[in-house]
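Below, subunit A partners subunit B and then partners subunit C, in two separate complexes.
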Partner chain A sequence: MAEEQESVLQLLPSSAAGGEGLTDVSPETATPEPPSSAAVSPGTEEPAGDTKKKIDILLKAVGDTPIMKTKKWAVERTRTIQGLIDFIKKFLKLVASEQLFIYVNQSFAPSPDQEVGTLYECFGSDGKLVLHYCKSQAWG
Partner chain B sequence: MTDDKDVLRDVWFGRIPTCFTLYQDEITEREAEPYYLLLPRVSYLTLVTDKVKKHFQKVMRQEDISEIWFEYEGTPLKWHYPIGLLFDLLASSSALPWNITVHFKSFPEKDLLHCPSKDVIEAHFMSCMKEADALKHKSQVINEMQKKDHKQLWMGLQNDRFDQFWAINRKLMEYPAEENGFRYIPFRIYQTTTERPFIQKLFRPVAADGQLHTLGDLLKEVCPSAIAPEDGEKKNQVMIHGIEPMLETPLQWLSEHLSYPDNFLHISIIPQPTD
Partner chain C sequence: MEEDEVFGEKTFQHYCAEFIKHSQQIGDGWEWRMSKDCSDGYMCKTHFKIKNATVVSHPGTSGHGQTCLPLEEALELPSDDFEVTETAAASEVIKYEYHVLYSCSYQVPVLYFRASFLDGRPLTLMDIWEGVHECYKTRLLQGPWDTITQQEHPILGQPFFVLHPCKTNEFMTPILKNSQKINRNVNYITSWLSIVGPVVGLNLPLSYAKATSQDENVD
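Then we have the complex of A and B:
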């Protein structure tokens, strides 16, 4: 069950050192997310461009998969799909053994080692990459 | 055209003579002989190495066996990359046979995806095909197919059945009469010299003036370092299926005839051999 959280759309770089994982940049949150380097942070309103190191991702839930309170995220281009899956699972408090599938264009599930930057280049529109996530296989 | 159809067959039936040797630190009950096999260039390692696995497991104890993985000169081989791509990228300048080392321990989690069953290979393969069609036809052609057509594509690959595969795949190679080619060309360019896994971008097969874009046009646009300057020395080979197509080749033609079964052009940029 996803916890209720304040979704604060600020870009606050995490000051704490840490391992991998993604930033919880909301200072109001009650969720003890592990602080880490800001590879993923809540979305900004900047226009996306070729030279930006981060790209905007919009996450949409499919079926009865829990909905993320914060849907728009700025993600480093080199972040992989697996990294994104791990992040969403942590954010939604899914157990490690639960599966999560991510789809592009509501048609294909990219390989876990695919970089989001490449997907954005090829399948992004209106300055963002829309990804659907689901606990079961939605589009085969 | 007869010649072009021959190209499809030559690509499909390409083979790489390979020698599989068990890693020396694996624990065996008796000596493990190397195993020789002709690997299909267009397939995937974990799809075609059941016999290799059986051969080595015969000399090992059950408790010493976990997931099989392959390595060439210290580099773990990604099973989800086509075999021909792996060979061209990593071993094409070395003498045959391709010497691959087989492991059953210490799976390199950081480098390889797990492959617990053939279903995983099928899912990966179908996903690549869907991605390719998203680029070529906005997914219209693949989405119009029935489930049994998708199954036939997979079964054709799995059972090395050229006719079975191409009966369906030919539909993915068509384009509207009023166009001169696909919407975008599905391609990936690999180099061992960079950090990035591969280059993949949107690229149209036809220019605004109706001219067909060539392989050279693609490289100039997305990987200019791959081609030598006009009067410079040729530093790299641009390789697909073990050959160097002329840079003047229309990209649309390459996409229709030299794609892998997943409908992607997997292109290797490798240093020019110095012999």
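Then we have the complex of A and C:
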């Protein structure tokens, strides 16, 4: 099942944005997702199951957190919040001492093991799940 | 509601009350307790977990690196991918207590907690640190004394572990500012606990997130 690929990128599990030319993330005014060259990398951790679909996630920055150039991602349902956090941290090149939080409803942080598929069921609308993310030097 | 810069005790109690209301609806076990002279109050919950002494690799889990298996409200985690391969023989039940108190000095809520085996043996600080979720472990172990310390419970006078509140304002402010911007009320306690809870093994069911937006009382 081919997903629309003009503005939807597959979530890469390890190396972030390999070969896409997305280097430094510069803060930009919020624009509707630009049609970026979607280098679709099939690298996934889980075996490609028929029942495992992907869901669309829209990432929005909160506070002083850098805005991701690519905001819309297709993510497998079983991806955990923790996995997503790791990905964004790498993407934004955050250092280890910086913590990143992800919120649903702009106010509630799901636990790290929560799967995005479940969140989509509960909080998704218009075919996507909106997640806000915020970086913080939360501890120390 | 008071200005968001000043999170006073009344505001604290108000949000706790709202939080407990939802807890009661879903049977999440949070209660309100008062001090003997009824001057202070706090929120608390007792929770049991099974900890396996045997360390076995968990291939089927989604990055769940710790040896502590949460015997959790099954509402939360879809257990399809979660294969329990360990036997129950070497497991022990641990009793966790979580208390949410108000800190006058920091003017924020603070999470106190303690854990013990059923025979009363308390868990050590080392046990606690090891039980911290993988994603927080690195940061925590760099400077554990900054974050989890042991202190006397202000009301009970017993030793508890505390998640240090000095950075609370820092991670709460963006949420509060944002909620002002979008003109939506946020339950401070719910948001705060959803963030700090997982660090020490306390995960809030997702329904709390919805409860906040539903029970929007106009102050």
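Keep this in mind: the second predicted complex is superposed on the first by the 84 of 140 C-alpha atoms of A that agree within 3 Å, B and C clash if a C-alpha of one lies under 4 Å from a C-alpha of the other, contacts with A are read in each partner's own complex, and residues count from 1 in each chain.
Please note the rule applied: contacts are C-beta pairs under 8 Å (C-beta built on N, C-alpha and C of every residue); 3 or more make two chains touch, one makes a residue touch a chain.
Given the structure is predicted, the values throughout are model-derived calculations rather than measurements.
Colleague: According to the contact criterion defined above, which of subunit B and subunit C contacts more residues of subunit A?
Modeller: Per-residue touch count on subunit A favours C.
Colleague: Regarding the shared-chain residue A:132, is it in contact with subunit B (first), subunit C (second), both, or neither?
Modeller: Second partner only, subunit C.
Colleague: So, A:110: does it touch subunit B (first), subunit C (second), both, or neither?
Modeller: In the superposition, A:110 touches subunit B and subunit C alike.
Colleague: Answer with first, second, both or neither: which of subunit B and subunit C does A:63 touch in the superposed model?
Modeller: In the superposition, A:63 contacts subunit C only.
Colleague: In the overlaid three-chain picture, which partner chain does A:96 touch, first (subunit B) or second (subunit C), both, or neither?
Modeller: second
Colleague: Report for A:123: first if it touches subunit B alone, second if subunit C alone, otherwise both or neither.
Modeller: The answer is both, since A:123 touches subunit B and subunit C.
Colleague: Intersection of subunit A residues contacting subunit B with those contacting subunit C?
Modeller: Residues common to the subunit A contacts of subunit C and of subunit B are 78, 104-105, 107-113, 115, 118, 122-123, 140, listed in rising order.
Colleague: For subunit A, which residues are in contact with subunit C within the complex?
Modeller: Per the touch definition, subunit A meets subunit C at residues 62-65, 78, 80, 82-83, 85-86, 96-97, 99, 101, 103-115, 118-119, 122-123, 132, 134, 136-140.
Colleague: Applying the document's contact rule, which stretches of subunit A touch subunit B when the two form their complex?
Modeller: 78, 104-105, 107-113, 115, 118, 121-123, 140
Colleague: Under the definition above, what is the set of subunit C residues touching subunit A in their complex?
Modeller: Counting only subunit C, the residues touching subunit A are 62-64, 76-78, 81, 133-136, 138-140, 142-143, 146-147, 164, 167, 170-171, 173-175, 177-179, 182, 184, 186-187, 190-191, 194-195, 197-198, 203-204, 206, 208-210, 212-213.
Colleague: Please give the residue numbers of subunit B that touch subunit A in the complex, ascending.
Modeller: Residues 80, 113, 123-124, 126-128, 130-131, 134-135, 139, 142-143, 150, 184, 196-198, 200-202 of subunit B touch subunit A in their complex.
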